[in-house]
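Below are two complexes that have subunit A in common, paired first with subunit B and then with subunit C.
On to the complex of A and B.
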């Protein structure tokens, strides 16, 4: 009896160990990631949050000042303009970069690869479209500075002058347009691989069946291709929103926030205060506010895309 | 057992490397070793990649060794150059590591910032010693003065003034004598901004030059003209050292820039679309602009960018102190000088402080000063170098030296801790000038008064309440 009970105990322990092995394995695998994330993401966020209540600055000294930094954010006279420009920049760059990527992928992957079977041509276009994303930002932005240079010094203005047309003051009259154009081009370029892989995964028999049923290529594009792109579009949209919200380096390189601060976004304003002025406390408060704004935006997007439902639906593996 | 041995071995290796690192750091920081009966002092000078500044200090230290040997001392000194790309990154690290270099070379913005924080010391004992008082004119010595203390010791200084394309004046019918007399009257404060505008307009209207008045395209100290030309020729500060901003001066300045565009002598997009390559590589050296608000180094910069010769530049361009707003005002020749500064590390003992002083004295030697001034387009800071044959032979530098008596540095604002960087307010007046120019011909544009009020509001926000004194 005693022997039997000890056997049962042994079995129970073995069961528990086996269960722990099975259930604990994913946690064990996640541990390095959790440690790294905690050290490099969670801890800095906590430090930033604490810093935001101090006047810590260039002297590496600071004292607790309560909510003064937060009051200062809303007290800045140009804050309304900065926020407006930020939402314009984020909104336009997200919409056009995602639409641009979809357009490129439909042309190169769907039409050239799938419909017309011109795979090499499609691949060539896709590779060319990758160039902006592969180019380092500093080189990319200086190239555009040269292209949009003033008077007879810029490539486009030289071209206009060749036809006797007046030059355009790009960085003066179209600064936000230039910023959006260059950002959209780079972001659209980066999405091509993701979207293209999604389209390539569409089973051929699905397309063939649609054709047999008499669907035009445009109908296939809207009814089938776009539904396969739903998940990547959501992922890319979220990513681009958060990415463009934090963008400051391209602004620094292309327009330096000007003219008349017309291209100064919230992220660039943080950069100026935290880096140029070395007001680390104020910079931290601005960053906390940005984390709140981007989290709210992210949550809003998840709701719009009905993420819960999408998680339940079978989705394409890419 | 084997595992334990490996762990022990790793621990021993890790501990030994940690201690080795600590020992090395300690020897670096200590920086004084025994050499015979004397001590060997190793100092660090932190400077940007303009090697001639630290090189001058290194050479000055070598000379100190010769002097010490002649005095019978067995002490020796050595200076190492710590290349700093960005002081904003380096200074906080030095503070955290308690590893400040003894000397730094930078502009007053950084120096004053860290002086306020207590890491830069008053170098009055250097500036007020016999060598400096004898060799350097007082107004140039005072370039290191901040909040009543010599946190900086003048190293080299540029000068900012107007550069005029002489052939344009000749084409307008002027003679060489008239040009010389005009320049002299500008030095006496008799040439106004309105006079300059008129001449520039004539040059443009007659097709002599494409542009009339151009400016450097960057957001920098140039824009402190706001605080001098239209404020009677100085950067006004009160007895507490607060910067006084005259609303009327801001309006007058903005009116000047806006009028230039309306007169067709300055392109409306000058500050947004024009870049250095265009200006230094073509527009300025090739006489496409009647004049520009420039800097003494413009000669070298134009030579490098466009390939014109030194003789060509001397022949075709004249320096003019910035014209005054009203006759009788002092013409401006502002400067944003480079300064040597001594950190708290330079005062760790009496000998270190003394040797730092003597090194800085030796930097004033004529040959070193000529390298700093002539080879790198800076105003001679010692009377000896200004009067030297080599300096006098350089027509351009010699002419600019006429402005030294009324040269001044742009003041830092002492009350707002930290924000001494020109960015803090120059960003705002750069934006204000941009708006005045960009919307010059737009009937729906805001008035210069409205732009001025907005500028003042934003500058006060950036610099802190009480730091700016606004007067009407």
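On to the complex of A and C.
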């Protein structure tokens, strides 16, 4: 107490300046991030909410129409089909991409690397399975168009014709299957690194002692490896749900949402309203639901992955 | 002498269990789903329509291509260069903004730190498609339509939260002692950051650099949405090639395949070169 009062005015000023510097430093470091995020993320979110109450369109003019956009969404007869396809797309692609990725990682990292000690072979196949993820979407989708294309250029139809079988019109009859197939492969490829690093972090003595106890490699695989993969699987599942819910680029490039809107998902419907129909107000109202959905998923991630615990206090006060 | 002994030892030490063949066969069968399409793409880039070997498909690299009714595509080196520029600028912007911000999140106390960390995760989950319409309005009001820099800003803004969160993970693993030592020696906080901490977290920076470069290199849809020309980057160049007339590609399949390969190859080479660091670092840097 005494010490405090004995400080001169000059000292107190210096104190305040020092405190300001300590408090100001983090914000100074974050300034570019805060500026970019507020202009290109926060402002667009606000614009989106405002637009959703207007009939803004390609003419860049519009007036407030209250809740009419929202009423239009619930009244749109095709919405049931779109939602059904969205759930189908998300569900199937999440399940199969995660399973496929686990399969690849167990064979390459667990069997080839750990059990058989063929590290180079394992790495070769892992890098091979990274290629779909590294390929730009436009090239990736063109490649599949090329493979499943009509008889004069499509690989599979050429193959069928070689055996005298009738050709299949993949893009009209099996559009959803194609979309799922390509998305699953790409998503599975995207999880390989994370899963593989989780598997390679299993301590060697854990596996060795299991082997000594007489466990077969299949038992080790199910009892030990999968338990180490629990968190990465959780993370990738959530991310793939989010990712496939928001997929529109692949749909645009592969099927254009067709035929007869059979591969139109919710995200692609938003894209159509933004780009093809240019109904900005209506599209913004659709986007509001998307934002709510993604925010809910983000909150779920906060809970599941205990983000707060990862924010340890810094061990320094200056 | 020495090499001989080492060779001998290697032969003796080889205690790798037999029976790997079964797994390799399963793996090859399963991988053929991706090997075959890429091989097909490659062979069609190298052959004419009737199947003989040719390099003619690659002439788009230095020659113009006629699309339809007087529409021409420029030689491909131009879009390749602008793709390179686009991706590089994006990667540099991400690094310059994400690294200091991540340091602040990892190492300093400030008001609202917890809240902002939560916001990072929520924003990371934010889909760009939901903001597409606002982006159209925003860019046209800012006069950034038809300029690549506008698209770069959008990409950077959407990419930042994830990059910061990842980078924060890397900074968390850097030893505190080094930082203390630097501060005790009289360095300012900022000097400590760029002289001590940044060099220590170099692998993390490399990961973010490569990932954001790849994200910029492969971007198609936003460029297609905001750029009018048909060859502003390599992706829109290929997109323009894919135009169809009466259900058939105008440009021959071989040329298209060659353009696609030309677009993938730099990515694969770059990844293979940095693969060692990337794969190592991802082990330490993954969130869980």
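Basically, the second predicted complex is superposed on the first by the 248 of 318 C-alpha atoms of A that agree within 3 Å, B and C clash if a C-alpha of one lies under 4 Å from a C-alpha of the other, contacts with A are read in each partner's own complex, and residues count from 1 in each chain.
Operating definition for what follows: a residue touches a chain if its C-beta (ideal position, glycine included) is under 8 Å from a C-beta of that chain, and two chains touch if they have at least 3 such contacts.
Keep in mind that what you see is a predicted model, and the values were worked out from it rather than measured.
> Does the superposition put A:60 against subunit B (first), subunit C (second), both, or neither?
both
> After superposition on the shared chain, which partner residues are touched by A:267: those of subunit B (first), subunit C (second), both, or neither?
second
> Who wins on subunit A residues touched, subunit B or subunit C?
Comparing touch counts on subunit A for subunit B and subunit C gives C.
> Identify the partner contact of A:253: answer first if only subunit B is touched, second if only subunit C is, both if each is, neither if none is.
A:253 sits against subunit C, while subunit B stays out of touch.
> One more residue to check, A:139. First (subunit B), second (subunit C), both or neither?
A:139 sits against subunit C, while subunit B stays out of touch.
> According to the stated criteria, A:203 is in contact with first (subunit B), second (subunit C), both, or neither; which is it?
neither
> On the A-aligned overlay, A:77 touches which partner chain: subunit B = first, subunit C = second, or both, or neither?
Touch partner of A:77: subunit B, not subunit C.
> If you stack the two complexes on chain A, which partner ends up touching A:91: first (subunit B), second (subunit C), both, or neither?
So A:91 meets neither subunit B nor subunit C here.
> For A:172, is the partner it touches subunit B (first), subunit C (second), both, or none of the two (neither)?
After superposing on A, A:172 lies in contact with subunit B but is clear of subunit C.
> Once the two structures are superposed, pull the subunit A residues common to the subunit B and subunit C interfaces.
Looking at subunit A, the two contact sets intersect at 60, 150, 153, 275.
> Please give the residue numbers of subunit C that touch subunit A in the complex, ascending.
16-17, 19-20, 23-24, 26-27, 30-31, 33-38, 40-41, 44, 96-98, 100-101, 103-111, 113-114, 117-118, 121-138, 140, 153-154, 156-158, 160-161, 164, 169, 172, 176, 179-180, 183, 189-190, 193, 214, 217-218, 220-221, 225, 235, 238-239, 242, 247, 249, 253, 256-257, 260, 263-264, 267-268, 271-272, 275, 279, 282-283, 286-288
> Show me the residue ranges of subunit A that touch subunit B in the complex, using the header's touch definition.
57-61, 75-78, 145, 149-151, 153, 169-173, 175, 256, 258-261, 272, 275-279
> Within the complex, which stretch of subunit A touches subunit C?
Residues 23, 25-27, 29-30, 32-33, 36-37, 39-41, 43-45, 47-48, 51, 56, 60, 103-104, 107-108, 111-112, 115-118, 121, 125, 127-132, 134-139, 142-144, 146-147, 150, 153, 155, 185, 189, 193-194, 197-198, 200-201, 231-232, 235, 242, 245-246, 248-249, 252-253, 267, 270-271, 273-275, 280, 283-284, 287, 290-291, 294-295, 297-299, 301-302, 305, 307-308, 310-318 of subunit A touch subunit C in their complex.
> Which of the residues in subunit B come into contact with subunit A in the complex?
88, 91-92, 95-96, 113-114, 116-119, 219, 268-269, 271-275, 277-278, 282, 417-419, 421, 423-424, 427, 430-431, 434-435, 438, 454, 457-458, 461-462
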